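You will see chain A twice below: alongside chain B first, and alongside chain C after that.
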Partner chain A sequence: MKQSRYVLRRVWAALLTTYVAVTFNFLLLRLMPGDPTSRLARVPNGTEETRRALVRQFGLDQPLWRQYLDYLRELGHGNLGISYTNQQPVTSQLLEALRTTVPMVTLGTVTAIVLGLVFGVVAAWWRGHAVEKSSTFVSMFFYALPTQWLGLMLILVFSVMLGWLPSAGMHDPGLMAARDIGVPVSSTAVLRDTATHMLLPSMTLALVLFGEYTLVVRSALLETFGEDFVLTARAKGLRPRVVLIRHALRNALLPVVTLVALSIGFIAGGSILVETVFSWPGIGLLSYDAIQARDYPMIQGAFLVITISVVFCNLVADLLYARLDPRITT
Partner chain B sequence: MTEPMLEVEDLRVTFRTGPRGTPLDVVRGVSFRLEQGQRLGLVGESGCGKSTTILTLMGLLPPNAEVSGAIRLDGVDILQGGERSMRPHRWTDIAMVFQGAMNAFNPTRTIGAQIAETMRGRGRANRKAAHARARALLGMVGIPPDRADRYPHELSGGMRQRAALAMALANEPRVLLADEPTTALDVMIQAQILELLERLTAELGLALVLVTHDLPLVVETCDRVAMMYAGRLVEIGPAATLFTAAAHPYTRMLFAATPSLDLDRRVTSLTGAPPRPDQELVGCDFAPRCDRAETICHVMSPRTTRVTEQHVAACHFADTGETHRLVPGVVR
Partner chain C sequence: MRHTGAYKIATGLAAAMVLLGACSSGGTGGGGSSSATQILRIGSNDEIDSLNPFVGLNSLTYSTFQVTYPYLVMYDDKLDFVPYFAKSWSTSDNGKKWTFHTVPGATWSDGQALDAHDVAWSFTTMVKYQDKGAGNWASTVSHLKTVTATDDDTVVFSYDAPVANVLSQLQQVPILPEQFWDTYAKTGNFKSASMTTPLVSGGPFIVQSYKKNASATLKANPTFWGTRPHVAGISLTMFNDDDAMIAALRNHEIDLIETLPPSGIKPLEQAGFQVDQAPSPALSDFIFNSNPKKPQHRELLDPKVREAFALSFNLQEMVQTVWLGTATLANSIVPPATGSWSDPSLHAAPYDPAKANQILDSLGYRRGSDGIRVADGHRMSYDVIMPDLTEGDRMFSMVQGWLKAIGVQVNQKKVDDSTAFDLVTAPDGKYLDFDLAMWTWGMLPDPDFALSVVLCSQYGSWSDTGYCNPAYDKLYQEQGKQLDAAKRQAIVYRMERILAHDLPYIFLGYKNQISAHDKSWSGFQNTMYGPYNALAVTSMVDAQRD
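Right after this comes the complex of A and B.
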């Protein structure tokens, strides 16, 4: 009973948040200096007439509330509009970008979470020992590095010096060209090719992200170690592993769940830095270009994807929380 | 004579505080014996080493603690072997109710599961039997057995305290250590818990070590009282004797500082503070605060003197009797 009311409340809050975010996205773009035609107008032979024609075509001559209602109506029908820059439907371009971004960023994020958990638990367990110091040092070291610099260094080592991994893109151009002219290329070969291209950007992301988890896991665990029920668990003669996992970690992971949910939510946002360094044609690059060009529908679409993804993951975290911590629902 | 059930001999605990910090001598030579069914009250001001002594008995001190001395169960030292020799006795021979035991339960697991887990993994009970016994134990402390499926936050403070007591009894220990089991509870609940504690220890023939700074409570509940000051036991004796004829000035002054319903008696307060554990001490630890301190007290540490068969005190004037018997308002 209480449970279902809690779920309903959370879902309602998530829907409301999405609506507010969508409205903000819409307004924010129109408050930015410049408009979608400011760049097109610089095109050779572009005249004032062309510009006006474009403004009319995009519907930008309409009053703001009119544009807003149109946007909401089309959104309700699942229509994200046509890109101002290439006249292609936004939806299909977003889906394409998501397909490239999500696997790469997921691999990076999951690796970061696993690394952070391991380093965090190790640091907390060996509190005061050299093990703790080296664990936190390594985590902080990578956390402090600029993403793009680390990416470049990894390229230098693994692509240039060792020659083990490709440095850019997501396919070997030769392989793709061969397939395009009809040479039989097995799908496992393509998959393996993509995987090797994915490794460096993913690992760059994992390395710069995992330090945050290490610190959160470590401090949450240390706090829990000080709790009376952990002392009691030890007093009960339980094995250290049982005390750690069943009593300490179980409670320490509550704040970590929120952090994990947030980062999973941001997976759909891609990573502008990593995608730029490795020329990974994902949603990060897409939104970056769209912002440059004031491509309203594209930015709105990209932001919508990020909004929904973050809000949804938070909702999942809230619901998961209720399962993990029985105190929440009451 | 047979071996005492629990014997603590010259127990010392020192905390090391970093490579350059002064070592803190928190427990400085504590010895006592406990027989089956006996109730010992351990009394002293905050920071005198009561809780540390208790935690040492459970082997639960933090890693920066250095322990020496002996803890013998039926004549066998369980301290020497460290964690390995300590763990088999935890909760099976010696169990504990913690200070603020309301937080003794993991908030994410049910009460029943947490009581049951003390019985499992020791070849004692299968899952079903352990859970059934958890319910029975809850019933024993006056909690409806169906609360076993509830989470800690769904129980009141007093109930959680009872549940903690039930958990301590799960493996039928011989010794129960209770570290201020009634702090943070209101007076009515305190009385209930204490009554329960008394009844259960009597019924089960449990030996009890009750740590508290509530003197009247100790006199009422315990057979013997051990007074602790600055890491040492300064006086041990039958509760009634300490109440009426304390041999150590500290005990006497502490009793005199206890409010009473007797209007004729004035409550006197104990001035000063106990020495810090990093202080160098010369002479009697209590001398600076003692109202009877003489020259010898400031230069020589007193030996433990036997006042009567059951009554010892660490005071230079312990065996001169008379002077300390004049507790104002207590004996007239």
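Right after this comes the complex of A and C.
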């Protein structure tokens, strides 16, 4: 009974959070200086008539409350609108960008989690040794690096100096153009090509993210090492590896669950910096362009996807937490 | 190239992730191996914002239209008009009637006839909907009344007044396939058209695929009516980071960079690539709010104060430091790259901070204890509105240093383009609030556009100065109707001199157009807009790997 009340409470909170976020997204965009037609004014062939027509077409001449109600109504029907920039449906463009973003960011995030676990365990296990210091130092070093700078350094080393990996984009331009104009290209070649292009952006993301996991895992493990049950396990004469993996690590993973859930939630948001440096045409880049152009429907759509993803993953984390540690439902 | 075990594991993981994405998108087909030797791979830091001619605005978009649609005329390397889809043309004595004879027997890529009727339909549609769905072509059909195909190969344009730059206007307008656009022309709702590739083409290339923010592939059009390109296709890759684009050229992932930043010249030349430069119409400027009704800081309206500012600017140093010598001193709103329309008698103000100080002293603007002058009871301290410019920070810090030396403080107000436009025009398009700004212009080969951005009628639109001078506006109307090139040039020069006197802008420099390519390629014509441009198809038709 307590558990189901807890679940209902969390679901209700998630729905409320989503609604509030959607409303904030709508209002904040319109409070920003500049409007979607501003950029047209300084482009050859963009005339005042064009601007006025666009203002009418976008409904920007309507009062704010009416725009808000229209937005909610369309949202209720699953319609995210038409992009102001290229006049194409937002939903299909977001889905396309998500398909591009999710594999790259997932690879980076999963790699970061694995690296963080390894470095965190190593740092905690060999506490006070040089191993701990170097493990923590390496994690913090990468954590502190600006993402775009690290990306450029990786391009310099792996692309320019060693020539191992491509510098940017999703595909080899020649390969894809050959396929597009009718030269037979195997699916395996395309798959290998995309995978190769994905490595540098994913690894950049992994390197800047794994430090956070390292620190959380390390401190959670150190805390667990001081618990009575770990002492008991040691007193029973269990091998150190068994004590670490079966007893200490399993209990130390609770805070890591939250962090992982949050990270997974942000996967849908992509990474603007990584996608910009590597010209990876995902949702991060799409959002950035949309903000620059004040493309309200596109920004609202992108933020909605990110909001729902983060709120949903948080909800899953809350429910998982309740399962792992029933004390929090009381 | 040898790969380690770790590399293989990483690639395997990445491949698994790609499969996840591919599964959800239906995967890609095809089989066998590829040969891409005849594909020209172009890298650009610009973006194709839309394939729809009624929506797209970016310069890469217009360059793509240039090679995929027919145009009546195009430019040669001297910026003279040469025949393209129009084999020849003539004009009536009063300049109101223009007759074009088009290439006979041409077809669109879908096999349908391409002739004078398509020209008439395209322009008639743009005239009809210029205030609505075809608004972005409105400036290219000004004064155009009717367009009639008198037979399959002849089309007549009738204007309600003489227009000085008819060919310049027509050079910009693509001829569109009626069979595709006819449905949308019934309502004028062109912007909602779904531009599914491959698109119907009447130029040397067909847009075969397009991915927003990423790439586009153009395939040589086998039914093209003109000189066919040497290459089988063009691959366009859009980069968001210049360093990654340069790395891609060095790594032979692309063959040509159409616009290279100055910092890329040396490393690419050292690595054995061909780097070409050409004067361009890209103009950087320092802006004074010139609206005489502005309530604050009215000393900035004084031409003497503006002259003092101009004398304090060491523009030669800016050219060397900011653009690494790849720019020229600017003297006019009409860049010399556009040909004979820029008045050669105009020169950038000499660097003379002593004289600048003298002028401000003579106006009674004494320095306060902090070294900043006081004008009419307030410190000469102003915000400079700065949109997102490529070399903006370096440009501003130099300007800030020069002005400090004459007792003027400026603070950078860095915002994005949309916000900058709002701040400059505030409140409500009245230009009352801002003092100073820095921005750039990309001008067209004909001077009409450059001259138009300071018209009174451009308040709330192209104007970024709040400048309004009825005498100047009258001259603008005159040059627009003057069919005699020499007489038009004289009027244009007078207008440039008015601006040089009133100083709504201090022109900082004209950036060169820089491109770089692999030396195994030849045939590129590095125009003011680069080899892949909206002036002509010549480069892309002539390009070939040696």
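Criterion: the second predicted complex is superposed on the first by the 320 of 330 C-alpha atoms of A that agree within 3 Å, B and C clash if a C-alpha of one lies under 4 Å from a C-alpha of the other, contacts with A are read in each partner's own complex, and residues count from 1 in each chain.
The working rule: a contact is a pair of C-beta atoms (placed from the backbone, for glycine too) under 8 Å apart; a residue touches a chain by one contact, two chains touch by 3 or more.
Here the structure is a predicted model, which means the values were calculated and not measured.
Touch criterion met: A:H247 reaches chain B, while chain C stays clear of it. When both complexes are overlaid on chain A, the residue A:R192 reaches chain C alone and has no touch with chain B. In the superposition on chain A, A:L238 makes contact with chain B only, not with chain C. By the document's definition of touching, of the two partners only chain C reaches A:L175; chain B does not.
In the superposition on chain A, contact of A:R327 is made with chain B only, not with chain C.
Counting residues of chain A touched by each partner, chain B versus chain C, the larger count belongs to C.
Once the two complexes are laid over each other on the shared chain, residue contacts for A:S4 go to neither chain B nor chain C. When both complexes are overlaid on chain A, the residue A:V183 reaches chain C alone and has no touch with chain B.
Looking at the complex, you find that chain A touches chain B at residues 128, 227-229, 231-239, 242, 246-247, 250-251, 324-327, 330.
On the side of chain A, the complex with chain C involves touching residues 32-36, 38-51, 53, 82, 85-88, 93, 96, 99-100, 102-104, 106-107, 110-111, 148, 152, 155-156, 159-160, 163-164, 166-187, 189-192, 194-196, 198-199, 202-203, 275-279, 281, 285-286, 289, 291-294. On the chain C side of its complex with chain A, the touching residues are 1, 3, 7, 10-15, 17-22, 24-25, 27-36, 39, 41, 43, 47, 49-50, 52, 55-57, 130-133, 135-140, 172, 191-192, 194, 208-209, 211-215, 217, 219-220, 232-241, 243-245, 247-248, 250-251, 253-254, 388, 415-423, 439, 442, 444, 449, 460-462, 464.
Interface residues of chain B facing chain A in the complex, by the touch rule stated above, are 58, 60, 63, 87-88, 90-92, 95-96, 98, 100-101, 103-109, 117-118, 121-122, 151, 153-154, 164, 167.
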